[in-house]
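Following this line, the structures themselves.
Presented sequentially are two complexes of chain A, the first with chain B as partner and the second with chain C.
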Partner chain A sequence: MSGPNRRVALKVVGATLGAGAFAYAGRPVAQWAANLDLDEVLTRHYKELTPEDLAQILRRLEAETQETYGVDVRIEDIPPQDGVSFGYALNLSLCIGCRKCVEACHQENNHDRRTNNSYIRVLEMEQGSFDMEKGTVDYDHTVPAPGKYYMPVQCQQCDDAPCVTVCPVEATWKEKDGIVVVDYNWCIGCRYCEAACPYHARRFNWRAPEIPADEINPDQGYLSNRIRPQGVVEKCTFCLHRTRKGLLPACLEACPTGSRVFGTLLDPKSDIRWVLEHKRVYVLKEELGTRPRFFYFFDK
Partner chain B sequence: MAADPTAAVTPPPPPSLPPALSYLRFLRAALVRSFSGSWRFYAWMTILTAIALVGLNAWGHQLNQGMQVTALSDHVSWGLYIANFTFGVGLAAGAVMMVIPAYLYDDHEMHDVVIIGELLAIAAIVVCIGFIIVDMGRPDRLWHIIPGIGRFHWPVSMLTWDVLVLNGYLLINLHIAGYLMYQRYLGKKPRKGWYLPFVFLSIGWAISIHTVTAFLYQGLGGRPFWNSALLAPRFLATAFISGPAFVIVLLHVVRWTGRLTFGDGPIRTLTSIMRVTVLLNLFMLGSELFTALYTGGSHATAIEYLFFGSHGKHALVPYMWTAVALNVTSAVLLYLPRTRTDHRLLLAACGAAFVGIYLEKGMGLIVPGFVPSTLHELVEYTPSVTEWKVTAGIWALGLLVLTVALKVGLAMWTGRVNVRTD
Partner chain C sequence: MRSLSIAVAAAAATLVACGTDQPRPSRPPPGPPAFAVEINQPARLTSVETGEVDALGRPLRVACVTCHSLRAPTALPTSTAELDEFHQGLEFAHGELSCASCHVAGEQRTLRKADGTEVDMRDAMVLCRQCHGQQARDYDHGAHGGMTGHWDLSVGGRVRNHCVDCHDPHVPAFQPMQPAPGPRDRGSSRRTTMGNH
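Up next is the complex of A and B:
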C-alpha cells in the first residue's frame, strides 16, 4: 500500500474507532437524557404555579407513584392556616432514648427502606454535659442507661434558617406557620443547605427511595412526605400534612413517655405555651443566632 | 504598550474584508488548527480524549443510578468534586499573577507571555464549571439558577455570587484573549480601549472569584472548621502558589514546543512570587494550628482529626502530612540558591507545591469541614472509583481546552497564522 493510501486508511480506522468510543462512552448520558420527562424538567417553582397547574402536577405525581411503586396515593397541597405558628418542645427528663420517634418518622414520611432513613437522630448524652462531642448516636443497649440522658434532634425550623439563606434557587423557604419546606421539584441537589445546617437536619436522596408497596403511607403532602425524587434534598416538616389538619406529628404520637409537646405558639392556652411559660427551656446552639422553634427542657 | 512584541513581526496592511466575514475566517482558522498537528499532538489529544470519555461514562452512570455511586453521605455531603472545584478556582485566580506584573508593573517580558495566563484562566474555569455540574443531584434543573429564567437567590445566597463571578471571569478572559488573538490574526495593532479596561477589571475579578468561593464556606456558622476569617486570605495565598507553579511548568512546556520564544524574566518573576506565598501559607497554617490546638476544646476536633486522627479514625492524616511535607519541601527548594540556575530543581519545587496545595485544598479543607459532623459524629470519607474517574475526566477536558487554546492562541499571538497566510 502506498504512503498516502495508508494514511487515509489509518485516518478512516482512527475516525471509526473514535466515533465508536464516543458513542459507547456517551451512552449512559444519552440514556439519562432520553428518560427525562419534559413536563417535569419544565415544572415551575411551587410559588409560581396556578391552582390548575398544581392540580395537574399532583395528579401526574400520583400516576407516577402508581406506575413506579404500584400504590394508589393521595397527594395534596395543604397550605398553612392563618393564625397558626408552630412550636415544639421536648422534655429531656422524660425521654428514654427508645427511638420510637425515629421509627415513626421513618414510616410516616415514606423514607427509603434500605438506608433506614429518618429525620430524627437521638444522641445518648453524658449526665452533666451538654457537649455533643461526648454523645453518641449509635448506642446499642437497653435504655435508659445509667449516667446518660437522651436528646432527639430533628429540624429546628429556625426563624433565621441558614439552609434557606444559602439555597441558590429559593427551593427551600419558611412558610408563615414557621415550617421550613423544600420544593422537591425545584431543588437542584447542590447540597449547600446540608453544609449550612448546624443541626444535621437535612437529607439528600442519594438514590431513588425504595419502599415496599404495602408500607407506603398513602396520605401525602406535596411539600412534605410524598415519595421524593432521586437527587434532591428533604427534611422534617413537622408532619405538615398532619399538623395543618389539626393532627399531631407522627414522632409525638409514637412517644411512649410523653416527652414531646407540640402546638401553636399563638394560642395562649396551648400546651406548648404552658411549657414555654413554666419551664426553663433552651435551644440548641443558641450562639449561632438561628432562632430555633424547637425547645428543650428538664423537669428536675 | 510600547514594547509590543509582535509589532515588529508582521505589519502587513490589513486586507479589507467585511468584519463579519473576516471573523468567520478567524474562527475557521482556529478550528482548523484545533484539529491538525504533529503526531505528538494527536497522541496527546487522543489520550486526553480517552480519559475524558471515561469520565463522561462514569458521570452517565452517576446520573442514572444517583449519587449513591459516590462515597458521599449525609455526613460528608461534599467531597472530591467540590474539593477539585475549589482548587480549580485557585488555579484560575492564580493566573492573574502574570497579568499583574505585565500590566500593573509594566513588566515587558511578562507581557510577551501574558496570554498564556489568560488562556489558563479560561481552561481552569471550564474545569470549575465541570465540577459543579457533576456535583449536582439534578443537572437537568440547571436552568433554575439562570438569572431571569429560574429563581436566582441573589444577593442572599453566596452561591449565586459565585455563579456571577465565575461566569463573569470566564467572559472577561474570553473577551481579552479572543480580542487580542483576532487583532493579531488581522495583522492589526490591538486597540487599548478594547482590552485594557477589561484587563484591569480581570485583576480585581480574579481576587473576587477566590474570595467569594472562600466565603461560601467561611460564612457557615455551623461549621467551625471553615468559619474563620483566615479562610479567604489562605485561599488567595494558596491560589498564588498553585497558579504560578502551574504556569512555570507550562512556560517550560511552551518553550520546549518552540511555539514561543521568551527570556527567563517571567519565570524569575513567578518564582519570586512563589517564594513569598509559600511562606505566607505556611505561616497562616501555623497560626490556625496554634489557635485550635492551644485553645483546645471541641472547636479543635476537626484539626485534631485532620492531623492526628480522632477516636481511632485516621483517613485524612496521610493526606495532610503529605501536603505539609510537600509544601515545606517546595519552600526549601525555592530558597536554595541553586534553584535560580537549575531549572530541574525549580520544576521539582513547582511540582511539590502544586501537589501539596492540591492535597491541602482538597482532602484537607473540604472534607474536615464535615468531620466531625454538626452533631459531632465521626463519619469518614474516601472517594469512590466513580468519583476518581469523573474527576480525571474533567481535568482531561480542562487540559484539552488548554492545549487547543495555547496551540491556536500562540499561533495567532506570534503572527504565524494570520489573515494573509490563510
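Up next is the complex of A and C:
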C-alpha cells in the first residue's frame, strides 16, 4: 500500500517542481509580451514610414527615454543632404594615441558607461609593423610611447559594405551621403554584421546602456546616437546628427593634434579633397574590396 | 489571448505592409561659404600666468607690459642662463634659436621675422611659417592643428587652434600625455581581434 502512495507523492512533487521551473524559465517571455507594444509590432520598415508614422515613433522613443532614464531628449530624423558625400582622413604622423576621440565619441553617442564603449578603438602599433593583430587597444601609459605609433579605427563607411550585405532583415543600409546606418528598432541582434566587418567596427549591446541622467546627450538622431536598446548592433555614423547639420564630428573636435580631416568629397575646395589629392593616402585592408570612405596617411 | 491577437495582427500587417519606400524629404546642397574661419587667440601671447586665481576662480594672468614697463629695456640675452630678473628658469628647447631670433629688445608686443620685418605678437603664426612651411601648408588645408565648429561654412563658422595653443614657442615639441581610459568590453583584451577575416 505504501509503494503506490509514495509514487503518487513523488509524481505530484515532481510535477509541481517541473511546472514551477517551467514557469520560472518562461518568465522572460511573459515579461517580453507584457512590454510589447502593438504599434511596435505593426511598424513598417524605416524606409516605408510616412513622415507622420516616423514623427509618432520619435515621440514614443522620447517618452520611453524619459521613462527609463529620466531625461528629456530630442530625437530627430535627419535625412542626408543633396550634393554631399562624406569622407574622412586621418594623419598617422600626427596621432599620439591620446584617446581624446574615443572619449568624445563615448560622450557624444550616449555609450554605456560600464564598458566605456566607443565606436573608436586606438591601436598601439609597433614601429615597422603593419600587423593589426599585434596592435593593442588597452594600453595605459604615457603616450606617445617610444617605438610605437597609433592607429584609431572606427567604421570605414565602406561603399561595398559586407555588414550591409549580410543583414538578413535589411536593418542596416548605406545612405546616399555615404553613411552606413542601423535602424535599432529593426535590428534582430543576430550579429552577422559584427562578424562580417573586417574592421571590428560594430558593437553589440549585451545590455541596455547605463548612463547617468546628467551625462546623457539630449541632441539625438534616430539613426545615430539615441540610446540603443538591449540586443541590437550599433556603429559609428560619422556623428550624422551633427554632420548632417554642417557640424564637424565629435571625434574631430576633440583631437588635439588635428590628425583628423572631415568633409564632403563632392566639394573640390574641401580640406578632405586637398588631403586626398596631395597626401599619399591608403585604406585599411584594401585587398578586401570594401572601398572605405575612411583614409589614412603619413606626413613623413 | 493578447499574444494571439498580436500574432494575428502581425501576420495581417506583414501581408498588407509589403509596401513601397516612402520618398525622403530632399535637403538642398551646401551653399557658398557665409561664415569665417577664425584663429584662436591664446592668452599666453600677451600675458603670463601668475599661478593664482581671481575671485571667480579663473587663472589670474598679468599683461607682459605690467612688469616690463618698470624696467628700462636692455639688450636681449643670448640664452636663458643669462636671465637675471624676468622669466628666470624659463626652459628653452627650440633648435638653435636665441631670444633675439624672434623677440625685439624693449618690445613685449612685437616679434621680428628673419628679414627684420616686425609683426604684432598676435600674428605670431607669421613667424612660425618662416621655418615650418610644411606644417603651415597643411594647416592652411585643415590637415594640421585642431579645430571646432562647422565643416560646412554656409551653415556656421569654424575656430582653428593657433600654433601656440599646442606648441609652447620656447619648448615646441608636443608634450606626452596620459591617454583617456581605454575600453572595458570583452573584445578588448590583449588582442585586437582584427584579424582572421
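We take it that the second predicted complex is superposed on the first by the 274 of 300 C-alpha atoms of A that agree within 3 Å, B and C clash if a C-alpha of one lies under 4 Å from a C-alpha of the other, contacts with A are read in each partner's own complex, and residues count from 1 in each chain.
Quick note on the criterion: contacts are C-beta pairs under 8 Å (C-beta built on N, C-alpha and C of every residue); 3 or more make two chains touch, one makes a residue touch a chain.
Note that the coordinates shown come from a computational prediction; the quantities given were computed from them, not determined experimentally.
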Contacts of A:Arg121 with chain B and chain C, given as first, second, both or neither: both
Partner chain in contact with A:Met132 - chain B first, chain C second, else both or neither: both
First, second, both or neither for A:Thr165, with chain B first and chain C second: first
First, second, both or neither for A:Leu58, with chain B first and chain C second: neither
Touching partner for A:Val153 - first (chain B), second (chain C), both, neither: both
Which superposed partner A:Pro198 touches (first chain B, second chain C, both, neither): both
Chain B versus chain C as contact partner of A:Ala25, first or second or both or neither: first
Chain B/chain C common contact set on chain A: 36, 41, 121, 123, 131-133, 135, 137, 153, 198-200, 203, 288
Chain A contact footprint on chain B (complex, rising order): 49-50, 53-54, 56-57, 59-61, 63-68, 70, 72-75, 77-78, 132, 135-142, 144-145, 150-153, 156-160, 163, 216-217, 220-223, 298, 301, 369-370, 372-377
Parts of chain A lying in touch with chain C, wherever the complex brings them together: 33, 36, 38, 41-42, 44, 47-51, 79-84, 89, 91, 94, 96-100, 102-103, 114-118, 121-123, 131-133, 135-140, 142-144, 153, 198-200, 203, 243-248, 252-253, 255-258, 261-264, 267, 270-271, 274-275, 278-279, 288, 299
Residues of chain C that touch chain A when the two form their complex: 2-3, 6, 9-10, 13, 17, 19-22, 24-30, 134, 138-139, 141-152, 154-156, 158, 161, 166, 174, 176-185, 187-195, 197
Residue ranges of chain A in contact with chain B within the complex: 18, 21-22, 24-32, 35-36, 41, 45, 121, 123, 131-133, 135, 137, 153, 162, 165-171, 186-192, 194-200, 202-208, 229-233, 285, 288-290
